[in-house]
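Labels run A, B, C and D following the written order; every chain starts at residue 1.
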Amino acid sequence: MGTVLQTEVAGIGMKNPVLVCSGTWGNGREYSEWLDPGELGGIITKSVTLKPCAGNRPPRLWETPSGMLNSIGLENRGLEAFLEEELPWLAGFGVPVWVNVAGFSEEEYVQVATEISVSGLAAALELNISCPNVRKGGLRFSESLGDAVRLVARVREKAELPLFVKLSPRTADMKAMCVAMAGAGADGLSLVNTVPAMAIDIERAKPRLGNVTGGLSGPAIHPVAVLAVWEAYQSVDIPIIGMGGIWGWEDAVEMIMAGAGAVGVGTLNFVDPGAPLRIVEGIERFLARKGLARVTELVGLAHRGGFPDRAS
Amino acid sequence: MPAGYTATIAERNSFGCSVELVLETPRGFEASPGQFVHVLCGGDGRILRRPFSVSVSHNGGLALLVRPVGEGSRWLCSREVGEELDFLGPLGRGFNINETRENVLIAGGAGIAPLRFLAMEMRKRGLRTLLCWGMDGGEDFGRLPDIIAEESGLYVSTRDGKRGFRGSVLELLDALEVDRNAAFYACGPREMLADLVRGLGDGELERTQVSVEERMACGVGACRGCAVPSARPGAPYLTACREGPVFFAHELDWERM
Amino acid sequence: MGTVLQTEVAGIGMKNPVLVCSGTWGNGREYSEWLDPGELGGIITKSVTLKPCAGNRPPRLWETPSGMLNSIGLENRGLEAFLEEELPWLAGFGVPVWVNVAGFSEEEYVQVATEISVSGLAAALELNISCPNVRKGGLRFSESLGDAVRLVARVREKAELPLFVKLSPRTADMKAMCVAMAGAGADGLSLVNTVPAMAIDIERAKPRLGNVTGGLSGPAIHPVAVLAVWEAYQSVDIPIIGMGGIWGWEDAVEMIMAGAGAVGVGTLNFVDPGAPLRIVEGIERFLARKGLARVTELVGLAHRGGFPDRAS
Amino acid sequence: MPAGYTATIAERNSFGCSVELVLETPRGFEASPGQFVHVLCGGDGRILRRPFSVSVSHNGGLALLVRPVGEGSRWLCSREVGEELDFLGPLGRGFNINETRENVLIAGGAGIAPLRFLAMEMRKRGLRTLLCWGMDGGEDFGRLPDIIAEESGLYVSTRDGKRGFRGSVLELLDALEVDRNAAFYACGPREMLADLVRGLGDGELERTQVSVEERMACGVGACRGCAVPSARPGAPYLTACREGPVFFAHELDWERM
């Protein structure tokens, strides 16, 4: 593969720009049976909270046109178990690990971020301020620019690691939000989390999800995610991890052209566990076909007029 | 070992309201009863795979029994011999076979799929096995009951008595006066399982295994989407796809099911 | 059909709750060849601006998974032609007409709304403050609660007609926005406009749409629209017209159960011009099957616990 | 009168890189050359119809000539005889037939579809007609050129001279030394049309009709999605679906095309 696919975001070197998204790859054990995690560009963990978190009442899934709703609700075994059992194992593959941090209060975010930072096992933090599936915390921060800024600044102050902030596509003014996040000290942005959404079972006239509302992911939201990345790239200089409905290497390339320095494969993992590596290969073939020496040349290319038009 | 497979449809049998697909996998395939495969189905704008129990597994091949209830299963039922299917599996935890007691297998509707496999396996091992199949919803499975009756012996019940015993499959169990010291294995609609469990005494819960259905995304334990309420205080939910789909009845919190 | 399907929103009586959405039904002439507009619950016109508006540079369409992007950009012949040639014709079908009003400044919105009001030919106004396809005006109002409130209050002051405000699903705090709109004098809400989105042609590394960004509509956004209606119903008492990805009577019923007093068929018109009337029939059959005497009993039903669970 | 139709595929002919579908409509069907039908195609998560020119219309039936270039057209090409199609049409404005001049028809690739129909119609009316078909992209249309040659007479060009004239279809026109007072009718790739128009003099623009392709949603003029730049100052855009797909060359602003 050589250096064609090598890249870096916020100083974190990666052998290729393809990550797996938080919450869509467990903490790796399940999918390590299907692919070698060491072949990934990087791994983003499932959200970690301070205490073990039971998650939301089932049902937690519902399929929608070209998408799915989930209301997992941050189910995880808490920071302690994560630091003891998950992170050391994940760190063993020699690829950078972003630890996704969530909380139900500012203090919790700060504490988790600090302890992850101190552990020395993670490459970066991804601050989940946009989870649509928890009533307290989560999306609340994303809804208010002021709250988000304060939270990010507080975490920034305590945590050494490069800090990525994960935003919701349901942000009225995405550019202003990105500028504010960069100003508060974010080293990078993860765009996007799921889109808040819901479905109702008309035979029962009751919500499909036990938690009533959930987050929409999958191909349905891809054009929304591309715009978020596009707008972020226009407004800030920090790197962007693009995610949302990536369903093949073409979608990954599209995200990169919109401005993403790396991409995350999410829901697609459920359907095709080998997809991240096939996407890596697809990007490489595309670069070769277009005669490009490095994937980094693609980043934001659509903002720079794209490829020259062929003479007709 | 779970894996990704491309299988060829070698045979397609229509059994009344359901379709049996016999699949051949080039690399061979081995599963234990209760495990399932996660099948990529077509259908407009559907993205997730669909879980189906392994209903026969032999000579490196397998069979699925599919009831068309929605777009994905309908698509599957309309496949033809020679077409290819893409599936992951075998996945999940299957039945734990009790070698010492009498084994009573209780199927509801399409819940027969894994229990047919289980009964064949028990018979192979020479275990005392009683297989009961209730078609409480009035379904018609064509010749399938006859085939299974020949394979492993079978008691059938229907609500209207059209076939076999008249009544629910649980009433059939009562009528058969089955040994209450038996081990129980059940698969069927959520309400049937709940009714069964409600009727069980303390010691019996630990001898009863149920295969539960829950909507799934990943099928491998990664997404936590198929959560079922656990009876253990510390771990509120179990995953149907990885810790199940087969559970001992006492592992689940039936109040919250 | 009797009275089963009869309903009203903001005092406007309708023979059934099914409308056609702004911009997806032209101004009726095209589709009047396919169905009798007099059979609709109501008609929402294409956006009208003060002056003729050329619209955006082509290409204006792109299909995405279970959805489509458009960047029409308010192309219309302007208020004068609308008042002379379109509105009188539309008003002749005996069904209420919502005139969708757009503008590039507050003054324009006010002037168009006032003149439509004065014409006496419309049943209501739908204020489009959420068009993702124009740089000035449009989405800008939807991005800022303060701007939106001021605009709605100014129009409210001048226009006599019932005033519906059409909101973007890209609203960070939908409930706060709805409360603010009701406070500013809105008589009803139209939820939702298209979701801002974009796509890039990777072979050229250029945006698919001439206008770069566009609005996503169709089944892909349906779960997002249902949530918007759900949140609006929870937060305000004014009626809601639910729209977004309605692709059959089931989706319409879902919207109504989420809280919509009426529903709008949008993108589906393009695919199946007869759909609005088939949806009317589907709703009627559903009511009969469920033993309900009036469609109004369905409105917001999912907030009231739904149908009683069947004993098993 | 436009309408919604369910048609049965009566015949399916494979012509090299393209497929001809002959459709029977129970209610009868009449179109004029240049009009199109808007077809509901299958394909995962695709929602919009796809426009295809009427390429033959006879006895209340019609034929389409489809090149598989994406999911919708591929789906269409793989339909079988006996299956049903759902389409709206005929839609749009067709060609305006000049009864007095010589008529020169210029097709590029699948652009032959409406021009074949046009040529047949002209021949029926006994008009002087010259049909040129360039396969500049190296496409192979199998037996179709022979069939059309028999129907209406045909000159073919290919870039490599594999078939007919060696060169572009516009070079073929030069070589044929066609009457510059003729009326021109063209359908093909956007660049071919632009090249053609570039070469036209003032009076010729008004005698030249082109059928343009633009992505469509509604197909009936309701969405304004298929805008093409108009040459008239007051009306910046025309709709390809309703005001077109056939335009006189002077109606369009070729600078902005």
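Operating definition for what follows: contacts are C-beta pairs under 8 Å (C-beta built on N, C-alpha and C of every residue); 3 or more make two chains touch, one makes a residue touch a chain.
Here the structure is a predicted model, which is why all the values come from computation and not from measurement.
Among the remaining chains, those touching chain B as well as chain C are A, D. Counting hops only between chains that touch, chain B reaches chain D in a minimum of 1. Comparing the CA-atom centres of all chains against that of chain D, the greatest distance is found for B.
Rounded to a whole number, the gap between the C-alpha centres of chain A and chain B is 36 angstrom. Note on chain placement: the centre of chain A and the centre of chain D lie 46 Å apart, centres being C-alpha means.
The mean-CA centres of chain A and chain C are about 33 angstrom from one another, to the nearest whole unit. In chain C, the positions touching at least two other chains are 65-67, 218-219. Residue positions of chain D touching 2 or more other chains, listed in rising order: 44-45. If each chain is drawn as a node and touching chains are joined, the picture has every node linked to every other. Every residue of chain B that touches chain C in the complex is listed here, in rising order: 45, 191, 194-195. Within the complex, the chain D residues that touch chain B are 42, 44-45. Interface residues of chain C facing chain A in the complex, by the touch rule stated above, are 64-67, 69, 142-144, 168-173, 195-200, 202-207, 212-213, 216, 218-224, 226-227, 230, 245, 247, 250, 253-254, 257-258, 286, 298, 301-302, 305-307, 309.
Residues of chain B touching chain A in their complex: 1-2, 4, 40, 44-49, 88, 214-229, 234, 236-237, 242. Residues of chain A touching chain B in their complex: 23-26, 30-31, 33-34, 52, 54-55, 58-63, 65-68, 70, 72, 75, 218-219, 267, 269-271, 273-274.
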